[in-house]
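For reference, the structures are reproduced in the following blocks.
In what follows, chain A forms one complex with chain B and a second complex with chain C.
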Partner chain A sequence: MVKKAVPFIALAALLVFPLVVKSDYYQHLMILVLMWVVIGSAWNLIAGYTGQVSFGDAAFFGTGAYTAGLLVTKLGWSAWWGLFFGGITAVLIAMPFGWICFRLRGAYFALATLALNEIMRHIATIWEKLTYGMLGILIVQTFASKLPYYYISLALAVISLITVRLVMRSKYGYYFLSIREDQDAAESMGINTHHYKMISLVIAAALTGVAGALYMNYMGFIDPHVVFSLHDISIMAILVGIVGGVGTQYGPAVGAFIMVAVQELFRTGGYGLISKLAKASGSETIISLSEFITKAHVMGFGILVVVAILFLPNGVVGDWNKITRLVLQKKIKGG
Partner chain B sequence: MKRLSRILLLVFLLGAFCPSVFAAEAIKVGVILPLTGKQAKFGEIEKQSFEMAAEEINAKGGVNGKKVELLIEDTQGKPDVARSAVEKLISQDKVVIIGGGYTSSETYAAAGVALNKGFPFLVNTGSADNITEPSAFTPSGQRAEAMRKKLDGEKDPAKKAEIEKEIAKIEQAADMEVKALIDRFAIFRLNPPVSEYAGSLESFLAEVVKPKTVAILHENSLFGTSGAREFEESCKKLGIKILMRESYDAGAVDFKPLLAKVKQADPDLVYMISYLLDASLLMRHSMELKMNPKLFAGAAAGFTLPEFPQNAGKASEKIISADLWHQSLPFPGAQEYYDKFRKKYNKDTEYHGAEAYAAMYVIADVLKRAKSMSPKDIKDALSKTDMMTVFGPVKFISYDKKVNQNKLDTYVVQWINGKLEIVWPKKSAKAKYIYPVDWIKERQ
Partner chain C sequence: MSLLKLDRAVKNFGGLAAVNNVSFEVHKGEIVGLIGPNGAGKTTLFNVINGFYSPSKGDVFFDGKKISGMKPHILCRMGMARTFQIVKPLKRLSALHNVIASAFVRANTRARAEEIAVEALKFTNLYDDRDVLSKALPIGKRKRLEIARALATQPALLLLDESFAGLNPSELNESIEIIRKIKEKGITILIIEHHMKVIMSISDRIVVLNYGEKIAEGTPHEIGSNPLVVEAYLGEAQDA
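This part shows the complex of A and B:
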């Protein structure tokens, strides 16, 4: 009963969040979180539920972002149309790719997605007539306030979560799961695995493309290295999925929140707390140590991710019971 | 024991927050730089230069009796992180001005925020041309720009005239939009835009080298691509035939296939826009291939760094490059800055560092003159800046489509006996350029 109420409570909290927290900074971080919820749940559908691990989400993300940007510069339309067309173009990329590459399985498919990512980045870099290459696309943000972006992101995040939920509750969901568990068995049951893998990929690509268009609208600037980035988009999408919980409904939502918050926490050195504490201690060694820690934030972040994957293989949502058990035990011992 | 440690922790925490109460008097200045990631090397030089300048300013009594507190945030060279950093600096840390901005993409992201809030932002390195063009931040301005690109491909004169007419119309609309925006446009830039980097190299080519053909090699980045495009335009002006323009991904390991192609084309001039490692490798591989054009020329960046001769060895000798700054320039404090930096950090500095060092002094000067710490007053003070720095005279002017842009001379430098010397323009030259060069003999 309580568990069922959690998503609604979270949604209510998110709805009032920008009205309570007026700081642009936190609103900005929450917009990023909500964007990653969309990307993460899309990745979760194809990789977590259908078992086709994708290393190339940036291909769809970048396609969506470029669609939105090019609508402005080439046609003079509003970039918000990108939310619709970005999803469609991402699907147009996903269909031929899936049709060819779903003959591959496991690691080979993952490598193909990686290649798709790189191919798209090179096309965007080299085809200067269309994409302006590395000059990138600069557009004007529609709103000065963050509120519209926040609620649009929130709406998209909710839509993507509901989409994944509806799909997974339909017969498609069962097909996807059966493909993940044993593709040969699924095939022998009469499931057209190629067909259903395509459906899963198309939904995921559409959602990721929409997220890309949202990024273009919100950030106002893209170039091929930003939106087709392997480590900043594709790998981040995987981490959001893994840390939150692969193949769980709300895993990507939790994962997005954790990843953005923790990354920011590390980048700013615990929001400046570490350096303040060090300075207060007055010791030279501690100050230089704290400086080192803040400088090595990327490494610290990496270590944390490794630890999370090692000890919580099912992610925070998947291993929730394990976490609560651990915390409770500690309390018993401590008390 | 447990209780004791808890009390200790509490005391520790209290102690941590108390100094921030006393330090409230300081004026906070936010700086965004890439301190991790690919561009970290330059971010580090700039960070150290900013810190060094701030220490000096504070040692001399700060700004109007108040200390300057630098808050330097890492952008990782990414736009979304840069945006997080800027939002944090403005709304959490309550800084009064933003400085820094290294890569063009992070500068765009920060500029977007600054523009939304009318917040003062002094860019010191981000070099994409349109960062100081308000029309680039208006919908009509962008459309006009896109139309103009279309114009380049159009051959039919009737159609061309039609498009031009339409552009004129859109530009009128853009002017109106710029007018509405200009009050909020508090983005200023200390360094010249990338299109002007090669300014004096052009005159050097026109007057000394007079090449007939050129091959342009550039890294795949905004800096590389736009620099190459601008150089193409200059070549057209100078009547130099462009045999090839090739790009590569920064961090390539083997330039021989690319250079073999260049060798086959046999240009008079090889012009390269590259960062350090690529620049060194390009030169080493060109030596191994025994290339012998009239001139190898670089576009600042990698070719002027102190590490360039260390990495490229004798292949770096006699290489010519465009440059924005050199410690031997007759600007007050330039040589001192260079020496102080060497002494303090035990390494060499170059133009990026000088930009950052000068930017800190400009910011201090602006804060001194500003009527209040409100964004509007700081913007007014910025636009009235007229001072000398180690990087040269700083004054923000408007020309062409640009506003708030500092205009600077550029230089041509040459590696002579392992030392970087200014050789052009004549009035600033400290050594006579060495040309022509027989590269094969030179590199034996």
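This part shows the complex of A and C:
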């Protein structure tokens, strides 16, 4: 009973959050969290539930972002149309890719998604006539306040969670899980595995493309290295999934929260703590070391993956019972 | 009338003919046993019939239609189901969900799929284990789960690949009973089995493979007294 109420309590808290916390900085972080809930849920659908691990979510994210940006610069439309067309263009990329690459299984498919990521980034860099290449795209944001962005992000996060939930409760959900567990068994059970893998990928790509369009609208600036980034988008999506809990409904939501916090912790060097300590010590070595740590958030991600896989293979949500047991035991021992 | 017909089916792997020029028919309502020493090509033949491999030469007909090269999922829709010798449960799903997933082939709603699944689980005496994760089931029950999953697709032809291997005597009797009940439902069965007592008692006819070729076909009685078969297959058993 309590567990069932948690999502609703969380939603209520998120609804009042920006009214209570007026700080632009924290509102900004929460917008990022909500955007990652969308991307993480999408990754979870194709990788967590359908078992087709993707290393190339940025391909769909960037496509969505560029669609939104180009609608403004080329057609003079509002970038908000990107929320619709960004999803569609991401699907248009996903369909031929999936049609060809779903012949590959397991790690080979994952490698193909990695290649797609890189191909899309190079296209965005080289095709300057369309994409402006490394200059990127700059648009004027619609709102000065963070509030509208916050609530739009929240709505998209809720929509993606509901989408995944509805899909997983239907025949499609059973088919996705069957494909994840055993492709040959699934085939012999009458499941057209190629077809259903495509459906899963298309839904995931659409959601990720929408998240990309949201990013364009909110940040106002994109370039190929930002939105087609392997480590900041594709790997981050995997981390959100793994840390939160692969193949769990709310894993990506929890994972998004943790990962944005971790990313921010690294980016700011423990909220400036490390550099302050380094300066206080006065030692050159420690100062340069602190700079290194601040820049090494990708390495921090790597360490986090190892830790998560070693101690929480099912993620925070999947291993929740294990975590509570550990905490309780410590309390008993300590008391 | 023949439900399944193989017409000089060949499956080559490089220079090796794993199945060589095999022809036989399975008639509606029959139980046909497929036997042969290890490596005779029985499972390869199943994979050819079931669509995991397409035949290198020759043809397979199901219900009068040529099916050579068709995919397993299409054949499943047409009414052909199979079990695997090395069981392939959907490990992280419960027994019930395993069977629901396969029942969706014949169901439009989740409720209808569950209805079919429950029926299949009761039929195979697995209903009490419906909520157990299939990776936690013992081998005997996993073998029956394979059968339940195949039955949930409501097949006309059921291909059973060593569904009796590794069972203890009481499980063996339980499974034989289930096979008899499946036949009573009017489902045709082609079964691979090493257990001679079982195959001799339940089969209407038996096809014997050796080195990929059919060396004999007939009633259990005829097969038991065929010198070729005794030499290739039963002879070994008598020596042991």
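Some notes on this structure:
Operating definition for what follows: the second predicted complex is superposed on the first by the 298 of 335 C-alpha atoms of A that agree within 3 Å, B and C clash if a C-alpha of one lies under 4 Å from a C-alpha of the other, contacts with A are read in each partner's own complex, and residues count from 1 in each chain.
Rule of thumb we're sticking to: a contact is a pair of C-beta atoms (placed from the backbone, for glycine too) under 8 Å apart; a residue touches a chain by one contact, two chains touch by 3 or more.
From a predicted model like this one, the values you see are computed outputs, not experimental measurements.
Looking at the superposition, the partner that touches the larger set of chain A residues, chain B or chain C, turns out to be B. After overlaying the two complexes on the shared chain, residue contacts for A:T125 are found with chain B alone; chain C is out of touch.
When both complexes are overlaid on chain A, the residue A:R165 reaches neither chain B nor chain C.
By the touch criterion defined above, A:K322 reaches neither chain B nor chain C. Look at A:Y174: by the touch rule set out above, it reaches chain C but stays clear of chain B. Within the complex formed with chain C, the chain A residues making contact are 169-171, 174-175, 177-178, 181-182, 184-193. Of all residues in chain C, only 50, 52, 71-74, 76-77, 81-82, 84, 88-93, 97, 100-102, 104-105, 110, 113, 149-150, 153 touch chain A in the complex they form.
Chain B meets chain A in the complex at residues 12-13, 15-20, 35-37, 73-74, 76, 78-81, 83-85, 87-88, 90-92, 104-105, 108-109, 112, 116-117, 128, 130, 136-139, 142-143, 145-146, 149, 153, 220-222, 224-226, 247. In the complex of the two chains, the chain A residues touching chain B come out as 23-25, 28-29, 32, 72-74, 76, 125-126, 128-129, 132-136, 138-141, 144, 215, 219-221, 223, 225-226, 232, 264, 267-268, 271, 273, 276-277, 279-281, 295, 297-298.
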